[in-house]
Every structure is written in structure tokens, then in C-alpha cells.
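Written below as C-alpha cells is the structure these notes are about.
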Amino acid sequence: MSDKIGTIGIITSGGDAPGMNSCVRAVAREAAANGAQVIGVNNGYEGLISGDFQVLGARDVGNILQRGGTVLQTRRSEAFRHPEGQRKAIEQMKKAGIDGLVIIGGDGSLNGAHVLAREGIPVVGVPASIDNDIWGTNMAIGVDTAMNTIMDAVDKLRDTASSHGRTFLVETMGRGCGYLAVMAGIVCGAEMVLIPEVPVTMDEVVEALDSAYRRGKTYAIIVMAEGANIRTADLFKVLNEKRVGFETRVTILGHIQRGGSPTAFDRMLASRMGTKSVEALLGGQSDVMTGLQGRDIELVPLTEVNAHKRTANLEYYTMARRLAT
Amino acid sequence: MSDKIGTIGIITSGGDAPGMNSCVRAVAREAAANGAQVIGVNNGYEGLISGDFQVLGARDVGNILQRGGTVLQTRRSEAFRHPEGQRKAIEQMKKAGIDGLVIIGGDGSLNGAHVLAREGIPVVGVPASIDNDIWGTNMAIGVDTAMNTIMDAVDKLRDTASSHGRTFLVETMGRGCGYLAVMAGIVCGAEMVLIPEVPVTMDEVVEALDSAYRRGKTYAIIVMAEGANIRTADLFKVLNEKRVGFETRVTILGHIQRGGSPTAFDRMLASRMGTKSVEALLGGQSDVMTGLQGRDIELVPLTEVNAHKRTANLEYYTMARRLAT
Amino acid sequence: MSDKIGTIGIITSGGDAPGMNSCVRAVAREAAANGAQVIGVNNGYEGLISGDFQVLGARDVGNILQRGGTVLQTRRSEAFRHPEGQRKAIEQMKKAGIDGLVIIGGDGSLNGAHVLAREGIPVVGVPASIDNDIWGTNMAIGVDTAMNTIMDAVDKLRDTASSHGRTFLVETMGRGCGYLAVMAGIVCGAEMVLIPEVPVTMDEVVEALDSAYRRGKTYAIIVMAEGANIRTADLFKVLNEKRVGFETRVTILGHIQRGGSPTAFDRMLASRMGTKSVEALLGGQSDVMTGLQGRDIELVPLTEVNAHKRTANLEYYTMARRLAT
Amino acid sequence: MSDKIGTIGIITSGGDAPGMNSCVRAVAREAAANGAQVIGVNNGYEGLISGDFQVLGARDVGNILQRGGTVLQTRRSEAFRHPEGQRKAIEQMKKAGIDGLVIIGGDGSLNGAHVLAREGIPVVGVPASIDNDIWGTNMAIGVDTAMNTIMDAVDKLRDTASSHGRTFLVETMGRGCGYLAVMAGIVCGAEMVLIPEVPVTMDEVVEALDSAYRRGKTYAIIVMAEGANIRTADLFKVLNEKRVGFETRVTILGHIQRGGSPTAFDRMLASRMGTKSVEALLGGQSDVMTGLQGRDIELVPLTEVNAHKRTANLEYYTMARRLAT
């Protein structure tokens, strides 16, 4: 154990993701096993600025491993975007004796992490974002749970789609990254996938459905990322006018994608990343993020993480189409 | 066994509901146990008109008990609304040797059932409609499954609502009947419920949220039936402007409410109603519907069923508010 | 509101059942709405004897509606079976100002409830027992959730049974009452059901499986209540020796049947019974249990409840066999 | 496309695993996209010997992606262990025009695959085994689903364990490999994990529970692999005698671990491996298995796969203990 870090602060920030609590637990337990103390920061960077802290001993994180959301709460913080807010946050940390920070969140949160690291605060970031749009990790915390939530919903829609001979347009999260939509396309057997990375024309979608109908498919599912170049409502209108064999219905999955008890994969990933982040801090590392690379959890410089934006793997996009044959 | 009915036709009609397949299975098995034959009619009344039939022996309905949707498919039929269509349907039945019909569906389907009964065809209706808007039965097939699907979704939304300190507006099905919304309000611990049966003003909703915030609630859920007097989008707009303490998000649950493997309750109800409908037909009954009344499955005249519209029990509406204290 | 009851104590006792927490919440909220105070008794009758109490205000029961188990904890109490223990319990109640009790539990707990009522303490019992073996109510709290847990498990076993052409013996809870097994038999499509109420011989079971095999069934499921006259292990041995067409495997579902977030039905039942029990106490009732009778929650004298033992409805036993045709 | 392989046979063999159907679908669809035909072999190697075949066109595998078990059925084959059986299998393949095989299964099945490859049949193996005991792949098909099934069961047991202050012994599958137990230990927050790879003494287990009790834990979960050096029943007996603070209960999860609709991870893995196996066969490869290595699906020689036995990663064993602090 480093002689520098005796007390670790932990924050969940940005949009919540299932598995955040599993990570908080792992940080508290791993720190305790190393003789370090953990202080939970409530309400994200807002709580860092206002000093909204609570001690998290090994017993305090019992029974949170399986809970969705985040027990530390999370808020988006306007104040922390400005030097004044950042200065106050650092003061509060010093006053509370926090020697280093674990910051769990998405790209905005990891930008904030780098800002603090640059100011000399030892900081390790942990990627959590159901969109899987964070550079430097194969999977962010929350993605696997969101993926299974989407799949369960589409499995339900398939019951009604196949009973009525319908097309369902299913909109998933993913403003800039089509990961969830592409993967959902494969695991749900969608006829077609629409993602920000691959613009398509209305005519291509109509033609794909027409062809499915002619090939004898009795219903169809189209998975659309929120950020696809075609808007769900527009496509719905066109499909209704063109009458492509199937009636059309729309479902926007929305915020249910964020909730739920984390899957085994997410609890495991969160536990490993939490453990690794404590190891890294105690070992003197800073300005890095824990990233899943193959089977291993590696440390990736936050500058590298923040400089890129991850997008969907187009190989899977092709695979989704082939398997929908 | 009656000497009149040797072959029973079975139709699923209107919107699909989880448990329809459990009922089809029960009809086929109970008929087989009584030495009667069963013919499945595909695609609802459309299939009755076109003669789209398949024999359903005891083995043919194996492994469908647990499946969502309907293996017989369902369509809405314009043709059957007209005497010409009804005449053709009766011809097809006679040609195929169908002596009586079990018709599983919602209010439109049960109207059709009465039309055929009036023409002298022995007909027993079985109520299936996730909205629970059918008169003469405490519960229709599909309601319990839909209720649990809504509840699971709201449990997920609560994770994210409570992590962010937000209000969620959750729109359930129910155009004319607030049953699902009221029950969801109780079982999900909603702050407020909006249903067609009880019009409210925007000010009342704003006031309820304000009061929740002042009482120390850290998030809120409002369940709105599709047919509530206030539109979801309008309420969202107002809540955003009024800034009632919580940020607001909207989720429209949509067609996932129709899908999924039926719950134990729905499988049981469907099995009992399927069994009863065969008993009734073989016993010479017609122009009736199987209805759950207390613990018993009773036969209710279709004229009575079709003359009324069931609405939500306002006692539960009051209870929902009291428990949200 | 009665002028006698200002403070209500609430206990969960005996085996835990999903929905107990929904009932605790309803009691606390309904009491608050009537201006009464609620005190939670921890660890069942043990806590009543030792004075292990906590105040439960309306806010204290937030977010427990959906949780399995019981936040008040439950223990079996040897001490409470003796007059000395009962005397101490009454003293503790008086000391804490508890004017009446809501006791949530199974048959042992309801016997205890009657003992206290006889001593002059206003007491209302609420039936909670996954076995559904309590007289005076169609359904006890926890039964519907347990039923769905069993069903989900058997649906999983069916995957592997049908892939391998096997017989599965599935043992459910139910020492004296075959309710769960009979209902599971219907909703899971079991070939046969073994329950305490209907003793069968080994030969009958072997013959049923043989017949299923000859009729062309490719796998079979036998649901056995814990208290069936044939022991699971013995049947397994016999089926292995007789080689009835299918290989045999055994699954004992065990305690997973007690856990899990309550279903919509159980949350609703628990909320209604909790509300009713407060109403009853405040209205001056005692020595009664809330019972679901048809659609209504009625009050049943505890002497009547405790004098009988509920068993499975044999009409459903017959139905299970017919539908397995 | 190779000009050698026009028709691909596909077998599921050994114990069934969730995701087998997703793989069958991917093989049929990917082959169709490449102009190759697919023939499904029913009942594993038994069906290969008896010539129990069915053509699997792109439409024939619709709607199986999400189903547990295997639509091709699986049997253990004694006959195939002998040269006579193998010879007959090869004859049947030739007669049916099968040019190459995809074999989905566990270690026994992959041994069989190598035998056929040695005889000159182009063969690609796909690892499917919920135990994750196959060398050469990070994850076998079915592991993630089994892991989540175990986790859901333990989450349910935790409800009742924590309500009663009990220890639960939970036995998972895993005769030679403790993977499932170790991972379950981490994702379920178990107090202790018992696996074949790490023998422990009774005293160590008793001491661990004693220490948990003294540290203030109010209940405990011990996850035991089927093949742990201590038998579940023996440990139960000892814990009952020693009275370590908690009462003890046992749950043997059994075959429910094999069933259920595959998770998103398993559907994806199975789809990728199915696609890759067709690519490999058409590309002239044989005597190899598809293996997940980091993010990539690689081909691993079957000789290498069959020469090793995969065991649990002891790093995770240590992590499980640290996080249970």
C-alpha cells in the first residue's frame, strides 16, 4: 500500500448504469482489505462541491451488490464545469482528508476526472455507460444489463408481432454510438438495424421489408438507435403510407434500459474494475481509467480515453444483416 | 357429452393477450378427453371466412402452454362486420363440419360471437384483453401478465428515478378503462394515478408533486392510462415549465405490455376457462361467456356482456392515493 | 378512528413469504392516514418478548414494497409458546404503548395471535404462507409469487427435459397441503401430480409414465409435494430400475420458492390486507384474520381459522390429469 | 467458398446448454448466405449413426434463437465410442451427401469430433458447456446464462437468508471445474466458495462462518461446486452440530442451471461461433474448435483442446474472499 493514499473518495456521476453499486461495494471492500478508508460522495460532482460525504465501511456496502441505480445518487453538475466549482471541490476533498478519487461514470464524468487529475488529485476513472460509447474498454459497466433488458422487451414484442403479422420499430438508446442497436439486432433476430454510423435512405428500409415479406417472413423487427439518421416517427409515417405487407407499430424503450438489477457480467466487471481502481490508486497511479481489454482489466490514460469516441463495430452490422437472411 | 357437438372450432381474435395459447391447449385437451374433435381457425374471423383451418389433436397443442401471443394468429376483420362476411363464415364452418365455436378475444370479438350465436351457431366466448375492460368477469386472460410486465418496468424506472431524484410519467395501456393504471399505482407505489374514469386538472397534478417534494419524497412516479383526460405529452410540458422540484421523464410502455410468457395466474385462468367453454358447448349452452366471479367460473349471457363496459374500481383509486401518503 | 387504538404494533412471524413487506408498508401508511402510530416489532414473537421495537412512520416504509423477505425479520419463538413468554410480551407492549397488533404469518403465528387476543390484546391476523394451507382465505400472501417461481423453474427444466427425452421429478414445498403442486401441475403441463391429499402407489406412477411414453410424449414432468405419500428419492430409484422409456432426473426446488420480489398479485393482496387490518383494529375488531373470499377481503374469526387446515382442491387435481392427456 | 463443401451437417451433443439453438440458427443462415445447404442431425451422435436427418433451410430456423435447450435434441451415445459406430456414422453422412460437420457440445463431444476429423471428415467443433470446463475458449456457450440463473436463485435465497439470519449452502454444477461457483461467489456476494481446485477442511469453513458472525454479518451464503472436496450433506451436518451462530439450510440448484432462454451474451457468442464455424469449414479448415480469445473468435486445434482440462482462475477465488470481507 502506498503511504500517500489513506482515504479514497468515490463518486458516481452522469447517467446511472446498473452495476454502479457493485463497483462502489468492491471499492469499499478492497480498500478495507488494504487498510484504507473510503468516503462516498453523494450526488456526483455536485456533492463534491458541497461536501456531501458519508463514510463507507465494509459493512455499509452490504446488500447493494444486486441493486440497480446508484446508492450514492448522481446528478449532472453545471457548477463543476467552471474553475470556481472545481476549486471548491478540491477544497472540500482536502478538508475531508480525501487523498484520491475513484470516479464512476460516462464520458462527461471522465472529462471531469482528468481535470481533477491535472490539478494534482490522484484519480482513477471507471467507465459506466449503457451506450458503450467509451473509448479504451471493450465493455462499460451497465451495457450487458441494458442489452438483456432490450432483448427481453423485444422477445415480448416478437410474441405480438408474430401473432399479428406486424413490423415493429424498436428504438434503443444510443445517440452517437449504435452498439446497443447492432447487438440487439443480432441477439433479437432483427430484420434490419439503423445506427448513427451507417446512414440509410427510406427506400432502403422499405425495400428490406418488402424483400422480407416476399421471402415469406411473417413479421419483422427493426431496431433503431436513438441517433440513427432516420427518425423513428418519420419512418413510421412512411411505412404506413407505403403499405409494405406488414402493419407497423412503434416502441420506444426509453429509460427502462437504465434500470434493473445488474447481470452477472456487469456485477463481475464492476467488481473487477472497482478492485483494480483501488489497486491503481494505492499503487500511485493517476489520470487513468480501468478498461476491459480482452480478458484483462488494463489502465488506459484518461487523455487517450477523452480524445476518442467509440462507435459500433461495423463487422457486427454486416453480421446482423446476414443472419436475418 | 351432447350428441350435437362432435367438432369444436376455436378462434383467437382481436388484440393478442398472454394466455391465449394456454386456453387453446385446454380446449383441445378437454375436448379430446370428451371424445370431441377440435379445429383451429387461423387469423381470427378472417380465417373463418376464408376457411383457414387446422386440426388440433391433443398432441398438436403440446408445448404451447407457456408461449406468449397466439399460435392461431389473430387479425382484425373488416369483412366479418358485414352480413356477407358472416354468411361466408357460417358456410365455411358447415363445410368443415364445425358444430360449435369457442371464441377467445376482447369486446369486438365477443360482439362477433353473439352475432354467430344469433344465427344459430353454438358459441361460447372467452374473455381475453389485457385492459380488463370486459363486463362479466373479474379478470380477463392476459391482465395478470400485463400487470406484472408493467410492474417490472416501473421497478426498473424506480432505480433510475431514485438515483437522479426525478419524476417519471409512465403511460400504460387502457383507452377506456383505468384498471391497469390504478392497480399499477398500488403495486408500484406511484405518487399519483391518472385514469379516464377520474378527470383531473393540471393544477392538481402539479400540487400533488409539489406536496410529495415538500413531504421529503426524493422521486415520484405517476402512472397514466392511455385514455386519461390529460395527455402525457401535455403534462410533461407543464411539469417542465413549472419546475416542481424533480426533473421529469416520460416512458410509454406500449406493446411490451401485450407480450411475454403468461404468468401462473393467466395460465390457470385460461386453462379453467378453456375447460369450462368445452363443457358448456357439449352441455348445449350457447351465446354465453365464461366469467371469473369470485373463485368460480360462471357462464354470463353475451347480451349482458356486450351491453356494458367495465371500468376501474374507484375504491382502489382511493387506496392508491392513501398508500402513497 | 377508534379512541382506543393510538399505536399499532406490527410483527412478521414464522416462515417468510414474498409480500410481507408490502403489507408492512400498507399498515404503516394506512395507520398514518388515520392518525395512528405504528411500531415495528423485530424478529417475530422473540422481539415482542425482548422489546425489540422501532417506530415505522410513513417515510420509513418507502422503497420496501417490492422487496422479498421481511425487513422486520422473523424468527421461530420457543419462549412464546409458554405462558411466561406470553406474559413478558404483553408487558413489553404495554411499556411501549402498543394498543393493538397486526400479526402477519402462517398457522403457528395465527395460533399465537389468538392467544394474545384471548388475553385482551386487540389483534388482527394476516395470512402469509407460500403453501396456501391457511383456512379462511382463498389465497395467503406469498402463494402467487411462489407459484410463479416454481413455474419459471419448471419452464427451465422443460427445456432440458425435452432436449434429452427425460422425466423430471420436481419437488415443491407443501408438507400437509398439495396446493402448490396441483396448481404447478396445471400451469406447467405436468404429466402427473403427487400430493399428500391423494396417496398413490408406485405402480400407478410407473403406469402413467409408461402410458405417456406410448402415447408419444417425448418427455414428462412429475410435480411432487414435499408431503406426498411417496418420497422423491424412492420414486427416483424405482423409475431408474423399471426403465419407463425416459431417463429420470430429480430437482428439489427448496428455499428459492420463498424468495424473490413479490408479484403484482401478492403486492395487491398484501396492500389490501394491510389496509383492512388497520381498519379492523381501529374499528374495534379483534381475534380475527383478514381473508380473501372471492373478490372481497373479509374478517374471519381466528378460532375458525385455527380449527381447520386447508387442503388442495381435488377438482383441480382431476383437471391437472385431464389436461395432461 | 470452397468447392469441396456443399452440404454441412450440424449436431448438438452431450449435455444441453442455452444458446445451442442460436448457434444452429447462425450455422443455417450463414451457410445459406454462402450458397451451402445445411442438414440437421437429430439426437447427437446416435442420430448420426441412424441417419436421423432433417434439412435446415434459412426459414426452418426462424424463431429458435431465443429458445433454451436444443431443437435438434441431444443424447449421450455409447455406440459412437466404438469403431463400429463411428464407421456407420461416416457411411450415413456419405449417403446423405454431408461434406462436413459442425459439432456443438462439451468435452466428450469434442473428442468425438476429433475422431471423425482423423477419419478425413472436415469437422469444426463449437464449445457448449455450462461448466466452462473446455480448454481453448474464455467462455463456452451456455455459461453466461447458467451464471445468471444461479445468481437469480441466490438473490432469492438471500431474501430468506437475511430475513431469518441463516446460512445457505448453495450447490452449483461443476464436477471438475469450479468456474461457476467462484464467479457466483463474486456476483452473489458469498461468504465463502468451495471448489474442486482448492480443497479446504471443515474447520476452515466453520472458522470462516464464525468470523463472519463475529464481524456482524447477519446471514451468510456459501457456494459449493458439485465437485468440491467437502460434500454438501457432510458440511450441513457439521454446521448443524457446531452451531456457528446461524441456522443452516441447503439448496442444490440442479438442472434448472441448464435451462432457460439464452442471455444476450450467449446468443451473441453462439451466433459468432456458428458463423465462424461455417467460414472455417468452407475455407477448408478441419479438426479445430472455435474459441473466444479476448474479443476474437479464433480457431484452436482439437488436439490441443482435448489434451487439457480447464479449471477455475484462482485469482478470482482470492478476489471472492477479499470482497466478502
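The letters A, B, C and D name the chains in turn, as written, and every chain counts its residues from 1.
We adopt the following convention: a residue touches a chain if its C-beta (ideal position, glycine included) is under 8 Å from a C-beta of that chain, and two chains touch if they have at least 3 such contacts.
Everything quoted here is computed from the prediction, not taken from an experiment.
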Distance between chain centroids, defined by C-alpha means - chain A, chain D (Å): 28
Distance from the mean Cα position of chain D to that of chain C, given in whole angstrom: 36
Averaged-CA centre spacing for the pair chain D and chain B, given as whole angstrom: 40
In chain B, residues with contacts to at least two other chains: 155, 158, 162
Overall pattern in which the protein chains touch one another (line/ring/star/complete/other): ring
Pairwise chain contacts, counting only pairs that touch as defined: A-B, A-D, B-C, C-D
Contact set on chain B toward chain A in their complex: 12, 16, 18, 67-70, 73-75, 149, 153, 155-160, 162-165, 168, 249-252, 254-256, 258-260
Of chain D, residues touching chain A in the complex: 22, 25-26, 29-30, 32-33, 58-59, 62-63, 65-66, 138, 144, 147-148, 150-151, 155, 158, 162, 183-184, 186-189, 215-217, 261, 263-265, 267-268, 271-272, 275, 293-295, 319, 322-325
